[in-house]
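Two complexes come next, and they have one chain in common, chain A, joined by chain B in the first and chain C in the second.
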Partner chain A sequence: MEPRSGRWFPTINPATEEQLSEVSEALKADVDRAVTAAASAQESWGRLKPSRRARYIFRISRLLQERSRELAVVESLDGGKPIKESRDVDIPLAAAHFFYYAGWADKLEWAFPNRRPRPVGVCGQVIPWNFPLLMLAWKIAPALAAGNTVVLKPAETTPLSALLFAEICQQADLPPGVVNIITGAGKTGSLLVSHPDVKKVAFTGSTEVGKLIQKAVAGTGKHLSLELGGKAANIVFDDAPLDQAVEGIINGIFFNQGHVCCAGSRLLVQESVAELLLAKLRDRVDTLRVGDPLDKNTDVGAINSRAQLEKIQGLVESGLEEGAEIYQPPCELPAKGFWFRPTIFTNVSQSHRIAREEIFGPVLSVLTFRTPAEAVEKANNTPYGLSAGVWTEKGSRILWMTERLRAGVVWANTYNRFDPTSPFGGYKESGFGREGGLHGLLPYLGLN
Partner chain B sequence: MAPRLDVRKTYKLFVNGEFVRSESGRAYRPVAGVNVPRASRKDLRDAVRAARTAFDGWAGRTATNRGQILYRAAEMLDGRRLQFIQELGGGKPAGREVDAAVEALVWYAGWTDKLAQVAGTVNPVAGPYFNFTIPEPTGVVGVVATETPALLGLVRGIAPALAGGNVVVALASESRPLPALTLAEVLATSDFPPGVVNVLTGQRKELLPWLGAHMDVNAIDAAGCTAEELAAAQEAAAGNVKRVVAHRNGELSPSAITDLMEMKTVWHPIGT
Partner chain C sequence: MATAPSLLHLGSLMGGVRSVDQVAVEERAASLGKRSIKKASKVWALELAIRMMDLTTLEGADTPGKVAALCGKAIRPDPTDHSVPSVAAVCLYPSLIAQAVQHLRGTTVKVASVATSFPSGQTFTTVKVTETREAVAAGADEIDMVIDRGAFLSGGYQKVYDEIVRIKEACGSAHLKVILETGELGSYDNVRRASILAMAAGADFIKTSTGKIQPAATPAVTLVMMEAVRDFHRETGRNVGLKAAGGIRTAKQAVQYLVLLYETLGPDWMTPNRFRLGASSLLNDVLMQLAREKTGAYQSAD
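Let's turn to the complex of A and B:
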């Protein structure tokens, strides 16, 4: 519908800088309208026979599968991610997420025996631009299964797949008001999370904004879950299967242009294999195809926005100034659009900004270590705690490392795997609450 | 014969396994004739540092061992039942409060080696991976005890935090601090390593802002906070994204433990 604010903003294709569409900017009157719609739908949706709730969510999952190609293309056009990722990862996982949580809707009493699970009420959800539809699924699927209604705001640079999703909700005959999508930037998000009728706030995005939201919610009694930034260590021991590890490192940092909160952005290599591993890594980076997101052979697509590109450039400059050594493959970049070469920094020390700050781009910082204890020390030396990777053939060492790494997800001899049944979320300043799995229901339920 | 002159107790803070006066040298007298240490911001920081240092060791103990130590605390508390009843003002309600505190310690002691089986999961992911989720302690937990019940409120805060493998800095009831400091003597004789649990007394308005804002505190159990204190603590907590738990109604519940825990998910490929 038309925004009451009467305001619109453009959304562009970051690979060409061409405008794709104009999207309405929701301001106070529009946020009010959406939250009121959700609040009036809450009672009947929360009381609906759980098996009927489940059926609506199953329908949504099926519709996502049926319209998967269309969604994948929109996702790649609006966000710049390679079509092979949106086609093979984002959309199938989003559909699977709805399918998984649909089945929970009428089994909550079995999930939490003796705890009398009940909905928390209207959920205000704000999601980032790196996995637009998948993050929407992570937010909306468990909220609906638990009997809540939602108002969701996609990121201002990637609003289109969420608007298609709204159409899918109509196609599923979901009762009006159960799912509401509003578009806009930070101001819209701030109006949403501070709306008095929103009972639960869920946010995925930067730690900086997460802290602002936590402050805004303080003292209101609202439920809150946060999935924030990361600076994950990907740790390679000298006995690791190196060729597999190289694939994992590449996937860990260059998947989705490094626009991944759990990206393996700090590579910790055991000194004795550092030289060999880095040679293999450079060879592999040379083969990455950077370019048109809609080409199915593309490995690394466009940077999501000019602002993000400038942030990456700024941090890479700081890396050079602080004395790290840079390696970039000699690949051609398109003349228009936002692009950044896959980048590997060596000779990085823990105090460098590129080793401490989340870059959220295709930039890997390499550090070395000698002993397992030193690896743990360095890996944990960050305010973040979202994810970590461990590569070694020694089982006991994997478990020893896993126990000590202060991170919510540990990938051992693999990286960047996701599944609807697998809880995801961080320690420390990476946030609290989990998404996915049985634990992913908890933020959306009141329990005795 | 001259009447017996009793040897009175000096009430002290419990920090890093030691009984100390406030470094500030200050005291207050919430109870007639008894000087109670009025902890300073520096005492609070010392307690957090002691707790952080003790964290790896305590979290690394086996769940069984943590359970045995919590159970030992129940034994020590039960053995001093009469002393606590007296400090709580005597009478049947005080007796019931001590009994409930003992029960809470025993109940949470029994959870330590069962929690992962109830709160953890093996996740059937769609691919050749073994995937599981286990609860882990979040780290340093600030416990703000209720004003009343002064003993039971404190025990219901620290027992679940410790059961989950966290380390604790507790702020005692401001108006009724004596049972908390005597509880520290119970904890000191229960085999908790130094620093695992620390008990401070003093003015909440002096201590709470620093606890809420401390960058090395991971979570706060704000059961004893007023609505205003809770809002202030939640706002300060945003500085390092610490979680603030505030909804306990006094019921014994495993979520009192898991609310102060992280969930860690581990993936490994399956192959030959």
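Let's turn to the complex of A and C:
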């Protein structure tokens, strides 16, 4: 749609730096228009018979499945992620979220018995660039099921799949105004979250921006949920199935180039197996294929943007300066585009920046421990608290660790596994509110 | 030649074998099955699959005529295309070795014979040793033995180990492939344990299955064995080969096994000396796909 701001910005393919398209920049007039559309659609959508609402959402999920190939290609072109991942993870999971929440739409009274669930109103949602369509699904599916209308802003580097989604909403005959997509950068986002008619703000992204949003909505009476950064510990005990743990570590940190808020960016390995595990890990990293995101065999794609690449480079340099040892496989990188080699830092101490700050790139920091108590202490020694992984054959130890880890999600003998039925969200500086499962409805409902 | 370590040593060896996570290993095998192999690589992979093939017939109804036909096919899989390489070996019962040797003399195709009361292995060790010795004397280059699953599953690791050591002795210069019969072992942990045991006892190859029990070779079970081979090599420096057998019927499956092999053990194992595919009906499909890659058209199935 032609923006009232009259301004456009380019979106590029990070693997080639070629421009893919120009996207309109929504400023005040456009944000007003979107929020007004959502507000005027709110009443009829909220009062629509719940089973009718469910039918629309089911229709959206089927369309996502039907158009999954197209969406996967767009996601990989615009964001740089390997097609293998957009094809097998992003798109199927996005569709699964809509299927799952469609099922709740007419069962809210049973989900929260005697609580009279009702919609909160227009939701302003701001999502990041790492899983554009999937984060959209996490935000829009529960909001619609609960009877809210939404205005969603995708990240400025990855707006295309959200625009395709808008087309899918039209295809599904969704009533006008129920879903509104606006594109733009931080300014657009801030106009959206501070708009007086927005009753609920949901944000996924950096802790830095999350804090700004929390300040902006303080005292306005708006509902807020934040899903922010992480510095997760992936903890490997000496009895773990090592070859599978290696796969889990690889998946934990190199999945989506490490652009994952719950990435297992700190590997905590028990000293008695550290040497063997690291040898296996280095061998495995050597086999990773870095390159063209559209090649089905690519394991690690392009870094999402130049700014992110520079941030990763800066943190890796700090790791070297602070005395950590670096390992990178000798793979060739394409000449154009934004690329970073899979990187493993050993000899890392807890005070190093690479062990404390979220890198959001394919960089793993390895620390060792001797006892389970030490593992818990090191794992919790972070301002974040989003996720953790525990690798051990011993079931009782998994439970013991889970009780003590301050993390919203703890994976046992696996990593980065998502399901719409399972709530996801953080502690501490990783945010609050849960997405997925029954819990994921709560931020979008008023309960009497 | 391997010498048997003490029971005490073996006990600690078995206790120290690492576990395998079922969900993760099956996921990894499945994800490697999705690799896409491009045209030039596909032709190379299909030809390699032929060079790695143990063309097998293990039927009670096998006849000298069938052996002759099998050997002819082993030497020249596609009579219309001489660029197609010979297979690695023919694999048959001991009573047919002499005939195969006659047909294969002067070619690169090896004669592999099953032995040790294949497929169940339910007989006396002395009989197994004698059978092995006679098979080698009859001209077998390679012996495919079965382990004593009963002993293994009841914790009699030492018995299994000793038997492998004795069969290996009986083989002399013939290559020994040790069949674990993974379909009867019950868990990936056991597959890994049996792999380490067989390698420690001196196996030149470890092999998944007899082909007489379902499930036979699967990508996940083969991956577990490859990981064991990799760890054994890391610990001891010795290279042990691997044979996937049973249930591999299509060229696509064969290529998937090669992908598993490449990703797990690397280019050093991409040779018939280190990897074999045991199959009775795979060759025809590989030939058909190879012709398809070369000519762009499928031949009729007749």
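A few notes on this one:
Keep in mind that, in the parts below, the second predicted complex is superposed on the first by the 448 of 448 C-alpha atoms of A that agree within 3 Å, B and C clash if a C-alpha of one lies under 4 Å from a C-alpha of the other, contacts with A are read in each partner's own complex, and residues count from 1 in each chain.
The rule is simple: a residue touches a chain if its C-beta (ideal position, glycine included) is under 8 Å from a C-beta of that chain, and two chains touch if they have at least 3 such contacts.
Here the structure is a predicted model, which is why all the values come from computation and not from measurement.
If you put the two complexes together on chain A, you find that chain B and chain C both fit without a clash. When the shared chain is aligned, chain B and chain C each come close enough to touch A:Thr414. In the superposition on chain A, contact of A:Lys84 is made with chain C only, not with chain B. Touched residues of chain A, counted separately for chain B and chain C, are more numerous for B. Of the two partner chains placed by superposition, only chain B is touched by A:Thr402; chain C is not. Legend: residue contacts after superposition of the two complexes on their common chain; A:Gly248 is shown touching chain C, with no touch to chain B.
On the chain A superposition, the C-alpha centres give an angle at chain A of 120° between chain B and chain C, rounded to a multiple of 10. Look at A:Ala218: by the touch rule set out above, it reaches chain B but stays clear of chain C. Contact with neither chain B nor chain C is seen for A:Asp197 once the two complexes are overlaid on the shared chain.
Closest contact between chain B and chain C, by C-alpha atoms in the overlaid model: 5 Å.
Within chain A, the residues touching chain B in one complex and chain C in the other are 413-414. Chain contact summary for the complex, chain A toward chain B: residues 96, 115, 207, 210-212, 214-215, 217-219, 226, 228, 383, 398, 402, 407-414, 417, 419, 421-425, 427-432, 434, 437-439, 447-448. Put simply, chain C touches chain A in their complex at residues 18-21, 23-25, 27-28, 34-36, 227, 234, 263, 266. Residue ranges of chain A in contact with chain C, taken from their complex: 84, 88, 239, 241-244, 247-248, 279, 287, 296-297, 393, 413-414.
Partner chain A is touched in their complex by these residues of chain B: 121, 123-127, 129, 131, 133, 138, 218, 227-228, 230-232, 234-235, 237-241, 243, 251, 253, 255, 262-269.
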